[in-house]
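Look at the two complexes coming up: subunit A is in both, with subunit B in one and subunit C in the other.
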Partner chain A sequence: MQIRSPAFKANVSAALADERLQKALEFTRPAFPSRRAAAVADLPEFEQLRDIGRDIKNHTLANLDFYLEIYAANVERAGGIVHWCSTADEARAAVLAICEKAGARTVTKGKSMISEELGINAHLEAHGITPVETDLGEYILQIRNEGPSHIIAPAFHLNRNDWEESFRKVHTDLPADRVFNERRDILTEARTRLREKFLAADVGITGANFLIAETGSSVIVTNEGNGDLTQTLPRVHIALASIEKLVPTLEDATSLLRLLARSATGQDFSVYTTFSTGARRSEDLDGPGEYHVVLIDNGRSGMIGTEFQEMLRCIRCAACMNHCPVYFTVGGHSYGWVYPGPMGSVLTPSLIGVDQAGHLPNASTFCGKCESVCPVKIPLPKLMRHWREHEFERHLSPSAVRTNLAIWAWFAMRPQLYRIATRIGARVLGWLGRKKGRLSSLPLAGGWTAGRDLPTPEGDTFFARYARLQREGKL
Partner chain B sequence: MSKDTILNAIRRGLKRGPLPEDQALGLRARMAAHPRHLIPARSRIDRPGQIALFLRNIEKEFGTFTRVPDLDAIPEAVADYLTANNLPSDFAMAPHPELAAIPWSNRPLLTQRPGRAQASDLVSLQHGYAAVAETGTLVLPAAAVRPTTLNLLSDTFMVVLRASRVVGAYEEAWDLLRAENRDERSGGFMPRNVMLVTGPSRSADIESTLELGAHGPRRLHVVLVDDDPAAFA
Partner chain C sequence: MTPPSPAPRVALFVTCLVDLHRPSVGFAAIKLLEDAGCRVEVPLAQTCCGQPAYNAGDRSTARDLARGLLDAFGGYDYVVVPSGSCGGMLRAHMPHLFDDDPNTRARADALAGRTYELVSFLTDVMGVTTLDATCAATATYHDSCAGLRELGIKAQPRALLASVAGLTLSEMADAEVCCGFGGTFCVKYPDISTRMVADKTKDIAKTGAGLLLAGDMGCLLNMAGRLQREGSTVQVRHVAEVLAGMTGDLPPIGEARR
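This part shows the complex of A and B:
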């Protein structure tokens, strides 16, 4: 996928000016948190499960090399083939080789973020193989040649007219005067069209939510059933999985599954949770004759042993972005690559470099909501701060930022001067907003005040008030 | 070789070589014991409570059910369901001995076609291996007698399930599979595929609004056979 993260600021300006996008964000924003909250309230053990989820992932990462070897041996025992790939290039080549060997002309695909990361579709197309995205959201994005704007609701930024317009453009064999009265009509047309694709495909490619060492299984979680049709009907199934998807046992996967759907869509459990183990058995009446796992590193191993190792616990539920004020202001496309929101702001610099993605960890208010909802307790704000430090140390931050930081640091290291300066600042701001108690415009911060007012200081600084209350014996 | 490159990179990060044998032994023991973690209290209840929880969750997830006393009552229950929903009376059926033992001849208008599902099938009838009360989830391991396509290709998906096979938590369903299933190919217990199904297919991809029947079945109907004396309240 093309990297547009360096243009984050321009992307954001465009997103803020995009009324359609802003409407979609406003519409969707309340839904995710309220659904998750209801599911969590219904499971008193949820907080304990978060600790368990964190511990399972930490245990696996601390022994990842060992469990990967066990996993691969068990896949092969069940008649599957594991393709170890260090880089995106190797993974693309492995997928293409499997497809070519199978004589594939069309390939159906379940939703997979790692497939976006690798750019599988473009690679297959360049070699004369037609990939067909089958998740509804991914299907329309493929038609429109757009990337996903969210990791579990990839097309929520589009409205009904967008769907209708795109379907009329590509489904040209259907009557031009057909009517789309409701969402169901759009769904039915997609269902019919994709059913033909499922039946015709030679190879099916899915991602994997988990890999299980004990059994050599890959697990996918979907609501539509497209992932299961993708991995059941074609002759060949390829599961794309990055190395950190691994857990040791079925029981470990089960505990994480109790967290996943609740954190993601607010469901107690997704509709289809499917464990695939090897190829079709001789007595089976259906299922793929070949089962391949393309096991991908692509930068993950480099995070192990660093301050970013904790990011490898991520189970891609999207709770962090669903609760992020920044994400719901700028939308997913602004982040400029595959992974948006807080998890993307930590993961993207790890995978494509902080020189490319340095803006992302800066695009946070550090409100901490992401960490508080993360099912595996990844300290996302702390990790974003680490990236800011790296960026600063490598002199990648813009000179205005560095100058301002230097000015602030100069004062911060001289407490007397700092207190005088903040007192002057608080008084000036307080005087400016003395009538309304808030400021609706500020020099050099027009963008900030365009969307909200700044409450004015009441005249005192924190230090002054703290000292006063202490004197008065109130602390 | 990429395998070594990846494993070495991980070991470099972990600041060690291959895992020492004593630690590897510990990890193998953990896998062999596959310890359970916390199981939510909601399913730690008596048998009648578990069955009620299962059925409540089936409905919560937009499924429906009929409760019948024995196998003999199934043809009528199936016929009534199909008629009430204006559905065809012929369906693809799992070639499972328990389903074959149902006295279908009591309802001669129903036509069963044992085997896997075809794309043209509107209705399918699957054999339920087990179910999990915790979330109203059907456990459907693939087998020659339980083809996966039956779960997916039809518009209306019916499942015959014995009440004695309803367990509280997922872990208990895994225990059934571990104890009962032997996979020739791998020597383990996992068949090619195990589907956990919770309600009919759905999507919220169009304007974040839930619609049922995305790519899989639009309807899920469970025929629960009350074969478990302990399950009666």
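This part shows the complex of A and C:
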């Protein structure tokens, strides 16, 4: 996927000016938090579960090599094949090789963020294989040649007209009088088209929400059932998963599943939760003849043992972005790569470099809402601050910011000089604003005054007044 | 909780924004603390909690400033701050600046444990339940992020405001959503910040309140500036001004003395 994170500011300007997007954001914004709140209120042990979720992931990450080996052995015992890939290139090559070996012409795909990260679709297309996204949102995005703007609701930025327009572009046989007023109309259209694709596909590619070491299973959750058709109908199933998806036991996976849907959509459970273990056995009624797991590192192991290790607990529920006021102001595409919102602001610099994604961890007010809803208690603001520290150390932060900070710090370290400087500042500003108590513009403060007035100080600093009152014996 | 020693010695941490911008909030804090039975002192060696450096990624400056605070605020029973943000910096973050320095870390922990945001100190430590203040207004209260999420300040200001004669509280939708200030965020990403504060002022307007209160100067300056840019007549004040009964002679934030 093309990286547009360095242009974050320009992306934001465009997003703020995009009325269609702003409408979609405004419309969707209240839904996720209220649903999550209701689901959490219904489960008294939810807070305890968050601790359990965090602990499961911490334990796994602390023993990742151990569990990966057990996992891989169990996949193979169940008749599956594990492809270890340390880079995106290796992963793309592995997927292509499996598809080519199967003589695949079309490949159905369940929703998978790691697939976006790897750019699987473009790679397959370049080699003459047609990928077909089967998640409703991803399906429309594929038609439109757009990336997802959200990790679980990839196309929520589109409205009904966008859907109809996109359908008509590719489904050229649609009767002119066909209406797309309801969600159901959209679903029916997609479902009809996709049914043919499901039946024709040679290979099905899904992601994985969890990999279970003790059984060698991969788990996916969906609400549309497309994932099941993707992984059971074709001859070959490929599960794409990054290494941090691992959990030790079935019980661990179910504990995390209890957190996942509640945090994501506010459902108690997703409509479909499917466990895949190996290829079809002789007594099975259905299932793929081959089961492959493409196990991807692509930068994760480099996070282990660093201050960013905690980010690898992420179960991709999207609660952090669903509750993020910045995300709902700028939309997911502004972040410029695969992962948006608070989790993206930590993960993206880890995966593509902070020199590329430096704006992301800075574009946060540290309001802390994300951390308060994260089901595995990832301290997202703290991790974003760590990225700012890296930028500061590497002199990547803007020099004007560094200079201002240095001047301010020099004074702040010298209380007596600081008193004099602040007193002058307070008086000058107070004098400038003496008529109205505020300024509507001020040199060097354009960032502030572009969108709001600047209330001016009362006139003298606290410490000047305090000293005066003390002198006058009034304190 | 019963009040501790009969007249605890309390150091007021004024904060840089109150010092520079709204000294009256510092005097309101002194009055509230003294009325609650504290002996209040204002250590002169204080400047800033170091948050601007800390959040800019400049840990070493933040550490240097924090060391200054450890010296300035040693020896008091409590340190009280009229800001959830600076209070959160001292309580939740500052000790971690010394994770690799056990001696200083111990001093930092001790300071953090004695540090409180003003309003929650009055209610939770001094056991204040009612105040003798009057303010005829319908007010709405914005929960500033750090106070709310780092220090659990939610019920305390509402409890005390309920005792202010003439004041009714009209809650806004999304009172807990960030106003878009975020320290230097508001000037680094002014477009995003402006849109966020404009969302906030919509919620404020819907309450019909004529007075907006909060416990942090940063958020207050941001919201006041936006309300005034929009031509709103809603007045904006730090909650301490109302609790201390100071609204009579002190113009609201961003308005001139008449």
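Basically, the second predicted complex is superposed on the first by the 411 of 475 C-alpha atoms of A that agree within 3 Å, B and C clash if a C-alpha of one lies under 4 Å from a C-alpha of the other, contacts with A are read in each partner's own complex, and residues count from 1 in each chain.
One rule holds in what follows: contacts are C-beta pairs under 8 Å (C-beta built on N, C-alpha and C of every residue); 3 or more make two chains touch, one makes a residue touch a chain.
Quantities reported herein were computed from a predicted structural model and do not represent experimental measurements.
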Touching partner for A:73 - first (subunit B), second (subunit C), both, neither: neither
Which superposed partner A:265 touches (first subunit B, second subunit C, both, neither): first
Which of subunit B and subunit C A:38 touches, first, second, both or neither: neither
Which superposed partner A:458 touches (first subunit B, second subunit C, both, neither): second
Which of subunit B and subunit C A:273 touches, first, second, both or neither: first
Subunit B versus subunit C, judged by how many residues of subunit A each one touches: B
Doubly contacted residues of subunit A, that is, touched by subunit B and again by subunit C: none
Complex interface listing, subunit C residues touching subunit A: 14, 16, 18-24, 26-27, 42, 44-48, 50, 52-59, 61, 64-65, 68, 145-146, 149-150, 176-178, 180-199, 221-222, 224-226, 228-229, 251, 253-257
Subunit A - residues contacting subunit B, complex: 27-28, 31, 43-45, 48-49, 52, 56, 62-70, 72, 74, 77-79, 84-86, 90, 134-137, 140, 153-156, 158-160, 163, 183-184, 186-187, 191, 194-195, 198-199, 213-217, 223-226, 228-229, 232-233, 243, 248-252, 254-255, 257-258, 265, 267-281, 283-287, 291, 295, 297, 301-306, 309
Subunit C partner contacts - residues on subunit A that touch it in the complex: 9, 12-13, 16, 325-326, 329-330, 362-369, 371-372, 385, 387-393, 397, 401, 405, 408-409, 411-413, 415, 418, 422, 425-426, 433-438, 440, 445-458, 460-463, 465-466
Residue ranges of subunit B touching subunit A (in the complex, touch as defined): 1-3, 5-7, 9-15, 18-19, 23-24, 27, 30-31, 34-38, 40-42, 57, 60-61, 95, 115-117, 119, 134-135, 137, 142-144, 147-149, 151-153, 170-171, 174, 183-209, 211, 213-217
